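Which chain is which? They are A, B, C and D, in the order written, and residues in each are numbered from 1.
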Amino acid sequence: MVGTPVLFVAIPLLAAFLIPLLGMIWKELVRIVPGLVLMYLMVLSINLLNHVLVSGPIVEVIAGWAPPFGINLVFSAFSGFLVTLMIFLGLVVWLYSYRFKRNVGFEPAKKYFLLLMMLITGAVGIVLTGDIFNMFVFIEITGISGYGLTAFYTGRDSAEASFKYLMLGSIASTLLLLAIMILYSQLGTLNMAEIASKIHTVNPTYKVISLILFISALGIEAEIFPLNGWAPDAYAEAPGPVGAAFAGIVVKASVYAIIRYIFTIFDISGAYSFLIIIGMMTLIIAETAAIRQDKLKRMLAYSSIGQMGLVLVAFGFGTEEGVFAALFLMLNHAIIKSLLFLSGSYLVYNSKDKKIVEVNGMHKFLPITSFLFALGAFAIVGLPPFAGFWSKLSVLTAAADSHMLFVLALVLIVSVIELVYYLRVVNRIYFFKKGENVDPKKPTFNALLAMIVLGALILVIGFYPDVITGVIHKASADLMDKTKYINDVLSIKQ
Amino acid sequence: MVNDKHSQKIVDFIQNWSRKHSIWVLAYGTGCGAIEIPPTMTSRYDAERLGVRGAATPRQADVLMITGYLTVKTLKRVIRVYEQMQDPKYVIGFGSCTINGGMYYDSYNTINVLDKYLPVDVYINGCMPRPEAVLSGFAQLQKRIAEGRADGATQYKENLEWYRANQKRIIPNWVMPEYNW
Amino acid sequence: MEEVLYNILGAVVTFIVAFVVGMTYGGLTRKITARVQNRKGPPFYQNFIDAFKLASKKTAIHHGVMHLMGPAFLMVTSVMTLLIVPVLAGNNWFPNLNFHGDLIFLLYIMTFGPLGMALGAGQTGNPNSAIGVTRGLSQMVGFEIPWVMSLVALMIQYHTTSITGLMEVQAQSGTWLMLSSPFAFIAAVMAMFGMFRYSPFDIVGAPTELASGPVSENGGKFLFVMMSAGSVFTFAKLTLYVDLFMGGASNLVVLLIKTFLLYMIPVLYGVTSPRYRTEQAVRWFWGWPTFFGFLAIIQAVILK
Amino acid sequence: METYSIIFAIFLGGAVLTYFAGKLNSILQDILFLGSVLVPTYLFFSGVSFGSAMPFSLEGISLLWGIDHYSWLFALIVLGLGSLAAVYAIGYMKGKERKGYFYFNFILSVMSMLGIVVSQDLISFFIFWEIMTWSSYLMVIYNGKDIQRVGIKYFVFSAIGAYAMLMGIVIVHSITHTFFIEDMIQAYGHMSLQLQIWIPILFLIAFAVKAAMMPLHVWAPGAYSNAPMAYTSLFSGALSKMGVYGMVLILVTLVSRLPQGIWFREVLAWLGGITAAVGTLWAIKQDDAKKLLAYSSVAQLGYIITGVAIGTELGMLAGLFLAVMHALFKGTLFMAVGAIEKQTGTTNFTEITGLIRKMPWTFLASLMSIIALAGIPPLGGFVGKWMLYESLITSDHYLLVILIFFASTAGFLYCYKFLFGFFLGQEEKEWEHVKEAPATMVVPMILMSVFMFVLGTFPGIILKPINNGLMDLGFVDSYKHLWETSVIFNNWGDHVILQPILYSIIAIFLFFLILVVWKGYKGTRYVTTKDISTSGEVPKEDENLTFSVGFTQPFLRAVAPVMRRQIDKYYTEFAKGLEGLFEFMRRIYTGNAQTYALYVVVFVVIVLLFKDVLF
């Protein structure tokens, strides 16, 4: 045993609670500790992932109760891949925000890192857990820290955004709880594997209602249209790195949850086409809304929503190819959208309204940031030879192989729209005259480093996608193999 | 071959003959005389049967026809047009005004004697000369051309300083390109 | 080698014949115009006198190298057209380069000169010249359409694009193409109005308005070469029409009669017509002539 | 085998190095730039052999690079024009800002175009296609002029095309499960009729966009005229040919096996003809040389498309020959405009006149290219035009040939306008200081002019590789029955023998030129363009007598009804409508928490209500 999945939940949670205490010893520790923790987890997750890819999933039982009675954590290729991705993004976000907004003072910084650690804990927990109620708990942890981070600036707008998030979040909790109750009342168990193995016995009506409630609840977190009203506000009002964390971590975790329910737990085949329908709706509405935005982060937020719609569509094909495409897309989206959020927040750092027009002519003052933003923009719209192309290609291939030509065409049309608004911004950065009262801020060294790491990844994956596709192939195979999951979990005897 | 004196004579004869029978006229319609040109050209008198024909630009023209009184202002343009014409070229003074000023002899802004400013080959007098007179003038010009005596252009070239002096005396603000043919 | 020399000699003879005939036709046109206007008119050889006079002008100005080359460009077109068009079928003294080119080539070489000339006119810097050139080119776009339609109709009907091919067709069938393809002939003749630039299509060189347009800066020998080129070109074009539509000619007399009759169509139409503006002219060509061109093509497709 | 890797490595490395070398030394940057275009060119023509292929795999997809005679022809266009334009660019970019940016994108464009022609599989084809698109897009916005409109229009149209192609690619992949072009061709015969029709359409959309075919051409005028001229010569000369390259491939390999393929050809041929006509009319209207040439490019591509769409051997020969010629003369013309722009600072006909004596070499090159463009013998353009007409006539396209002929005749107007506007006319004092462009800019132009001249008489030099390429595509050998080194035939056996024609033209021309000049040379003299017959008036030194505003007014008045309808307007209206729709979509997000909550409830209720339908 190289390590245990419990650490992924335990360590960041512990770190989150220790941060205020450590802050009393030495203020810098507040900033340093999360980094150390995340680095350790990064090493751990890569080790575990390597192990898992070779010798099958690790199922960890908590408190000595074997499944289906106790809570278990499953570190399989699929969940391991997502966990690694989240930890990596967490690390990048930490690196970026290490000296972000030095002027905010110690207290807010303390809260920020605390909430960030909790956010990561929650998200990782969602992915790792094998128990639906436990997942609910983790979703709540994620949500609460998310509300806090949204309101970080304690302004009027951020408070409003946070309130919207909170309100929809609580609806989500209610619905989720309701869904869990229905399922529990029918089967008497909360363990995913157990439910999955017994789901065919459930009355179809209950099954469907419970699934609908699950999707609705998780859809709120996963930004599915029309449940995603909170998202644009939250992204726009939260600090830039938090936007990256939302796009890269929280949403991924929620999508994971939906996918887990549809692919593993339930056996309703109609759910796949439903995924495609809502995914397409999300994609189209978000992208068309994005083109008319005048604030940079809001635009990125809509774009992020749209991408998640595309991920759901890709999952909705229900084929292994589709899953592969979706996972690849999630990876690329996490990297690229984070890069866009991180560099974008420096482009509009000192402006009050964060308007798109305020990025005019920024390349002269922030050459590297501008370049990275442009790189990200080119990559996210799927231009070769950047990372986004390969995932888009695999999505389209999957669509064609599933004979969904209509979906294929729509995705491509929407891509054109996406192209337009990204290019508009890039053109502004490079070819417009700088506005009078915009005061560019040079990024700090570690922020730059964080962005360059992401940019380099985009290029590496773009030129040589094989570095990562092997893992994704295994992860998608892992997700598709439902019986193996059930067997792996239920065969554990403590 | 051409240097030979006799053959030169023959060539000259043929050339002059062709010049005589092909007179392209640039009618500078200055004064009232311009009205006499149309009857001369059209069906009643039909100058074209003599080879006389209108030319559109000075580059193509052989004869510059000054039809009537010439104001100082116009003189400048007339000189310019004359200098733009290609050698050999002839000038016909048309009407009394070009000879001695005619009824405008004491006007402050017309010239009296065209010959002082441009080398006139043939004058046609009358006020106005009728088309018959115009045709007779052309006949006279043809005669002079055939005899090789219509050498106004050569005279102008040789006595350029005298002509220039006359011209400059009467035209204020002299800005004209050099004439150095 | 001997053959080449013989060809060159023949070409020179052809050129001289074309020059003489073209000039005479020009003189006759002036005479006819005069008679229509109830004048006596100049003698029919007046054009020769004019040409000789122009050639013997002592001076000539030019505005640069393109201006110098303009007349030569024009001459290339005329002579090349003359060489490509069979003047007399089967006569050794009028050799031609017909086997070297076909109708499409002819169409293009016929535009070579006007364009080169236009460049020369452009370099003079005279605004009138440039205006004349654009009018001329516009008009060319106008009349080329019915002209090409008529040619295409002939080509597709008889499956050949060469002039000799079309002449052979006429020789074999014994009927002239103007009788067997009347619409093509009508379209071509109407296009010819524009080609010869007589009234009502003479706005290109309108003497009083544009000061003779493209040639306004040319005098002396420039004008002489242009005039000769025009005459030769006239003859070449007439010969082309005769070859295409009237079965060609086996001796000079027949050729002269045929060309003269053909030539009278635009001349007589011209002397009785006022002048069109450019866009009117262009639209005129895209009206009835093009309609006849369509009819010609339809006929060709049906009879193919 | 390894040559390809080395070539592309040099391109890529060269591009990056060149970009950064600008920070050190400008001359070093120039040398690096030239090296990274010329060295791969040399390597390609010396090291790559036909039929050899380099297979490798990426992301589980097997890819293949190789070359046959057909793609070699286009590699010749790309690399030949690329090298010359690179030499030209050295002079052109001297003293301009953002040199590194320019060089970087230039090299990437050349690389991607070469990549397109060597790709034997659809994925690397698409990748290179997109690299070409964005590198050219970056060039289009180089000047920063009008980029939100022109630049984005270009990219959107390119993207529509590229995505159509991508759709075709993945559909093909879903059937064949490989990306090899060879496999696509193999499998095409077994597809359902619907796919057989749609796949070529999807591909053709992409190629039509790049080749600027009506009605997908609206990006071209702006893009061509906005890019720096050193690049536009490549853009119009080579990059647009990539559309032709693909189009021919699709037409020959796929469409020809479809019974309904004749309709594809007819529609394409007619669209090509209409493109030629409309492009010409709009070119005539332009007052800016860049715009004029841009529309002219659209028109010329129309001829090429018509030629290849006819699909007979003669049509193919004509189309491809015209493609080569277009690369030559349009490359030269854009270079000439670039030279003029560099020397005078403007490209507007209404401002510049009379440069002929100041920039004689540029004039010579422009004159040659214009003669070639107009298709007048004895230059190469004639050969292409002749073959095009003959192919149309012999393949029963009677009305199309009239349309093409109309376009080509009307083309004389803009040809003349170009030469007159810049070089002829009054020599104004304003432009007295203008000097001839530096040698690096002039030499490529002159070289291409010479080549055009040679091709006019010996078209066999290029017709041979074209013939080889067509044989690779499955056509029969047309040597001796459609072309020889200096003879061209049509299908009915009629022919043009070019050599005696050239000699006759030269002989007649020289004879009469000497006749004009000789007779008493002293009597013929040069006078300035101020000394013109202007009704006796003496123009002042600073008086502008040039006639250039409303130059083609009479003709435009005649065709005014046609010009009133602009496709661009419809597109703009459409885009405006879309933006309105998007604005409506945006308003779905009201910013009001209650509304959002309502959405959630409504969503849950609706899904619950329709659960039997949905699940």
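Definition applied: a contact is a pair of C-beta atoms (placed from the backbone, for glycine too) under 8 Å apart; a residue touches a chain by one contact, two chains touch by 3 or more.
Everything numeric here is computed off the predicted structure, so don't read it as measured data.
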Neighbouring chains common to subunit A and subunit D, by label: none
Pick out whichever of the two, B-C or B-D, is joined by more C-beta pairs in contact. B-C
So which chain ends up in the middle if you average the CA atoms? D
With centres defined by CA atoms only, which chain is the most remote from subunit C? A
So what's the Cα centroid distance for subunit B and subunit D, whole Å? 58
Quick one: subunit A and subunit C, Cα centre-to-centre, how many Å? 79
What's the distance between the Cα centroids of subunit A and subunit B, rounded to whole Å? 97
Rounded Å distance between subunit B and subunit C, as computed from the means of their C-alpha atoms: 36
Would you mind listing the residues of subunit C that make contact with two or more other chains? 58-61, 211, 216-217, 220
For subunit B, which residues are shared contacts with two or more other chains? 57, 59, 87
Could you list the positions in subunit D whose residues touch two or more of the other chains? 523, 530-531, 533
Which chains touch? The pairs are A-D, B-C, B-D, C-D
Applying the document's contact rule, which stretches of subunit C touch subunit B when the two form their complex? 30, 34, 37-43, 46, 49-50, 52-53, 56-61, 207-208, 210-212, 215-220, 223
Per the touch rule, the subunit D residues reaching subunit A in their complex are 58-60, 123, 126-127, 130-131, 133-134, 141, 144, 147-148, 151-152, 155-156, 159-160, 163-164, 166-167, 170-171, 173-174, 579, 581-583, 585-586, 588-589, 591, 593, 595-597, 599-600, 602-604, 607-608, 611, 614-615
In the complex, the residues of subunit B that touch subunit D are 28, 57-59, 76-78, 80-81, 84, 87, 175-177
Which bits of subunit C are touching subunit D when the two form their complex? 55, 58-66, 68-69, 71-73, 75-76, 79-80, 83, 97, 99-102, 104-105, 108-109, 111-112, 115, 118-119, 122-127, 130-131, 133-135, 137-138, 140-142, 144-145, 148-149, 152-153, 155-156, 159-162, 165, 211, 216-217, 220-222, 225, 277-279, 282-283, 286, 293, 297, 300-301
Quick one: which bits of subunit A touch subunit D in the complex? Just the residue numbers, please. 160, 163-164, 167-168, 171, 175, 208-209, 211-213, 215-216, 219-220, 226-227, 229-230, 232-233, 268, 270-271, 273-274, 277, 285, 288-289, 291-293, 378, 383-385, 389-390, 393, 396-397, 399-401, 403, 405, 408-409, 412-413, 415-417, 419-420, 423-424, 427, 430-432, 464-466, 469, 473
